[in-house]
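As written, the chain order gives the labels A, B, C and D, with residue 1 at the start of each chain.
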Amino acid sequence: MATSLTALLHGPDKPGIVARTAGWIFQNGGNILHADQHCDSGAGVFIQRIEWIPAPGREPDVDASEFRQFAASLGMDVKTARSTDRPKVAVLVSRQGHAFHDLMLRWRAGELPCEIVFVASNHDTWGDASRQHYHTPFHHIPVGPDPASKAAAEEKLGALVRENGIKLLVMARYMQVLSGAFLEKCPAPVINIHHSFLPAFAGAKPYHQAHARGVKLIGATAHYATPVLDAGPIIHQAVAPVTHRQSVDDLVRLGQDLEKQVLARAVRWHLENRVLAYGNKTVVFE
Amino acid sequence: MATSLTALLHGPDKPGIVARTAGWIFQNGGNILHADQHCDSGAGVFIQRIEWIPAPGREPDVDASEFRQFAASLGMDVKTARSTDRPKVAVLVSRQGHAFHDLMLRWRAGELPCEIVFVASNHDTWGDASRQHYHTPFHHIPVGPDPASKAAAEEKLGALVRENGIKLLVMARYMQVLSGAFLEKCPAPVINIHHSFLPAFAGAKPYHQAHARGVKLIGATAHYATPVLDAGPIIHQAVAPVTHRQSVDDLVRLGQDLEKQVLARAVRWHLENRVLAYGNKTVVFE
Amino acid sequence: MATSLTALLHGPDKPGIVARTAGWIFQNGGNILHADQHCDSGAGVFIQRIEWIPAPGREPDVDASEFRQFAASLGMDVKTARSTDRPKVAVLVSRQGHAFHDLMLRWRAGELPCEIVFVASNHDTWGDASRQHYHTPFHHIPVGPDPASKAAAEEKLGALVRENGIKLLVMARYMQVLSGAFLEKCPAPVINIHHSFLPAFAGAKPYHQAHARGVKLIGATAHYATPVLDAGPIIHQAVAPVTHRQSVDDLVRLGQDLEKQVLARAVRWHLENRVLAYGNKTVVFE
Amino acid sequence: MATSLTALLHGPDKPGIVARTAGWIFQNGGNILHADQHCDSGAGVFIQRIEWIPAPGREPDVDASEFRQFAASLGMDVKTARSTDRPKVAVLVSRQGHAFHDLMLRWRAGELPCEIVFVASNHDTWGDASRQHYHTPFHHIPVGPDPASKAAAEEKLGALVRENGIKLLVMARYMQVLSGAFLEKCPAPVINIHHSFLPAFAGAKPYHQAHARGVKLIGATAHYATPVLDAGPIIHQAVAPVTHRQSVDDLVRLGQDLEKQVLARAVRWHLENRVLAYGNKTVVFE
């Protein structure tokens, strides 16, 4: 199957953008597979995702580069990707392994179009599994209680991210808060999974909070991590019903199924160039 | 079909309560239809719902009264009801009629085992529908912006509740906050429907809040109203997925379907003696 | 707000259609609000829904007519609608009124962009409600057990449909099977709600079938009626969990909530020109 | 924490069973933790699950044995289990590993109270993973196209089941139909996961069937395998929404998430003695 290109554009709304981008592709011999757009009329922002196969014989990278120039001439920010791209991803995990195993198995089964380059953890619980079962380098980066230890750990993680050319960091129940300083310098976006339906029960121990409040639904939320804890743009959310019968332990267990699915879906959408974060929201072109 | 009795008990947990209550009913010739219980081991509270048909020839009210004495001797608070009971209910509504019509139609279709004795509203929007279509008295109780007007309206509503022997008040999108003073004196519990998945987006304009935060699910919550706004024991919750495409108006429309279902289910469960509120939670014996 | 136009196109897939339709609108001064398309590569069919505001001063009907000519020149079947259109709809109901009331109330609340011109029924159960509460003409068309009675009833219904210029017929739990002869001659599409997740439990008494089979989910399906019973193109489906505790009566009651929502959503999507049936499937541009 | 006992009883309904079983436990010094029952009034069958902690100092096995005698004297079939039991389980898998990995990981994480004694497969795809990652014996039992090969494979599998004292067989997307002859002789129940919402799309290639029919929901069903293919008692079902955009490959991928969750939940409920199959249905005491 031919390589396709995907472009994700956004910029000030004005008439004719749909026609112009489609027209450019058509005039350059491309065949549009999908095109979807959204206009946030309140914010005056136009957002589009368009996927096409370049003209036969035309080099995809050249086509992508020329499209980016064209989109820029329309005042649009634009990001392109080839269907054959496998961006480099790093996975962070702590002691609880459900989201980590789920991601690694989906990746190995071909469900996530990326290359998982390393796994890092503040514990060594999953070192053997990473290396032997998933054939992926593992970095144990302990984090002590003192600020200096945390800063050193973030320094080490940041170096690994830069050295490996990481394009996406996934916190698969990594139980350390990444500092604002780290996130601001980090060259790759960070997707985190929070174990509640944000904005309810932000912060620590959300299942305990949910149990104490007596809610009848528990949830999970995948979002881009930002310096404000648990307040970044939401990519995906799901919930499951619970009753008075469920203990906190039951909520944890039931919630893990949500966490796995919500995180995997958010990561997949991101890798497929389907998610655009702007302001404190996302547009997800499913 | 014979009249059955339902008892809802709660009190300090101790061994043998399940055997004793079942044993009492059996020894008195009753036939147990359902029995369900829950032990909140953290709080040390035992809660049971048991439904039975008294012995042939035995007067249900006598059976219920003697059971209550027996349960009290075990240290249990107990509330009984007959399957033929039709408790008196009042419905409060404002301008938006979806939850009001939904309740009235379900009641007329025989789905809610109660008698809706009157409808009250701060607007007269639904007066004709109440009287002519649902054959139910309607009271227009305007509420002005000043505290005195609000106090007078609550005074009038309270008098109607007492005079009519109301056993349950249902706020079917009644857009006035009932004061703590009113709720404390009100002889009947009050069920409210909030248009968000509490505790997220408590307070005013939850769909606007949800849209601004960019959540991917909207919800509705039925709870017992308490003096702390939107913080009472939760009876039922449901959610629906939304995307960036939905405007605030769309969220309102989609949310109304949730509100109707969640409120109707909570009211039905309450009327069937299935809900026990304790602390700030509920046990719902579905 | 300005009148917008919606076009629903389909035809043989070929490169450039997205660019050409968008280009036509742009060159004629229109402003595209939404555009969505789908290519069924197996069937080689291209399907698009596009919504735009014509150039200021340009008559919408003229713009629509010229667009249809243009689309036809591309080999596309096309149907256009104005955002201000209110197509004429007839509702069919039998004794069970839940879906009927739900549709009428949504219509009265402004949720369904149509004009409900008459209600017809094989029973007179809902005559007063139609006329007095919803101010809509009601036709009682009894159907006897003999084929002649059924044929006469369909004759009468067909005449009403034609005389009133009906554009959509909605079977809101109308418990008569419309014959193939009727459906083939009927000038308007017919949406039916079936009370199971088709293709499971097609035919009569689906809740009884579901109870007997011991399924853990019940469902409802809105589809276009075709001469093959319960086999037409599916527009929307939803399910709800059930357990061994639910009797057939409980399934009926729980299912009614599904039926109402699924039917209302299907009717709304159809009215908004979002549904294209081709082969035995639908594309729904949500 | 003390060992608890669980009893699952069923037999002809008659008054007093709830009181008698609870009374027996109380009189023998036991403390009831949970008790739930169901009466299928159509079939005249009473079903109960009751969990209790025997009197201090009393041997659980003795208590269980005496309870079984007592229940038998009431005309009840009864099965008891200790909370410390870890029944022996065998897992069958073919080439697709998602359900297999999911079960093994949940088991390793302590979520499934059992001992997975061996994995068997008609392919050797997951041999290394079984042995090295999950430390579980793996048996490769090829199945050829001829009936003799199939019979020999079933012979070999049956021998393994008997030799290892297997109490439950789980078909984790094992793509061979187990013959009626095998199932009738098999000393352990067999749980299978079917990749559709049965009874829709029974048999082969259900996702292809679903795609061809144009359904808007796909599902998965866990059931006990019986000699009639895909017609055994249903334990659990779940669905997910799909649209025209999803290809058959997408349905497969989305469905795998359903399959994993539905199968894991069914296996867990079975292991916790929560599922009673009678007639062609199940009662699941969640």
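Note that in this section a residue touches a chain if its C-beta (ideal position, glycine included) is under 8 Å from a C-beta of that chain, and two chains touch if they have at least 3 such contacts.
On a predicted model such as this, the values are computed, not experimentally measured, just so you know.
The chain with its Cα centroid farthest from the Cα centroid of chain D is C. Interface comparison, B-C versus B-D: the pair with the greater number of contacting C-beta pairs is B-D.
Inter-chain spacing, taken between the CA centroids of chain B and chain D, is 38 Å.
Contact of a single residue of chain A with at least two other chains is seen at positions 245, 286. Within the complex formed with chain B, the chain C residues making contact are 97-98, 101, 105, 109, 111, 129, 132-133, 245, 253, 257, 261, 286. Residues of chain A touching chain B in their complex: 38, 40, 197-201, 213-217, 219, 233-239, 243-245, 279-284, 286. For chain C in complex with chain A, the residues that touch the partner chain are 15-16, 18-20, 22-23, 25-27, 31-37, 39.
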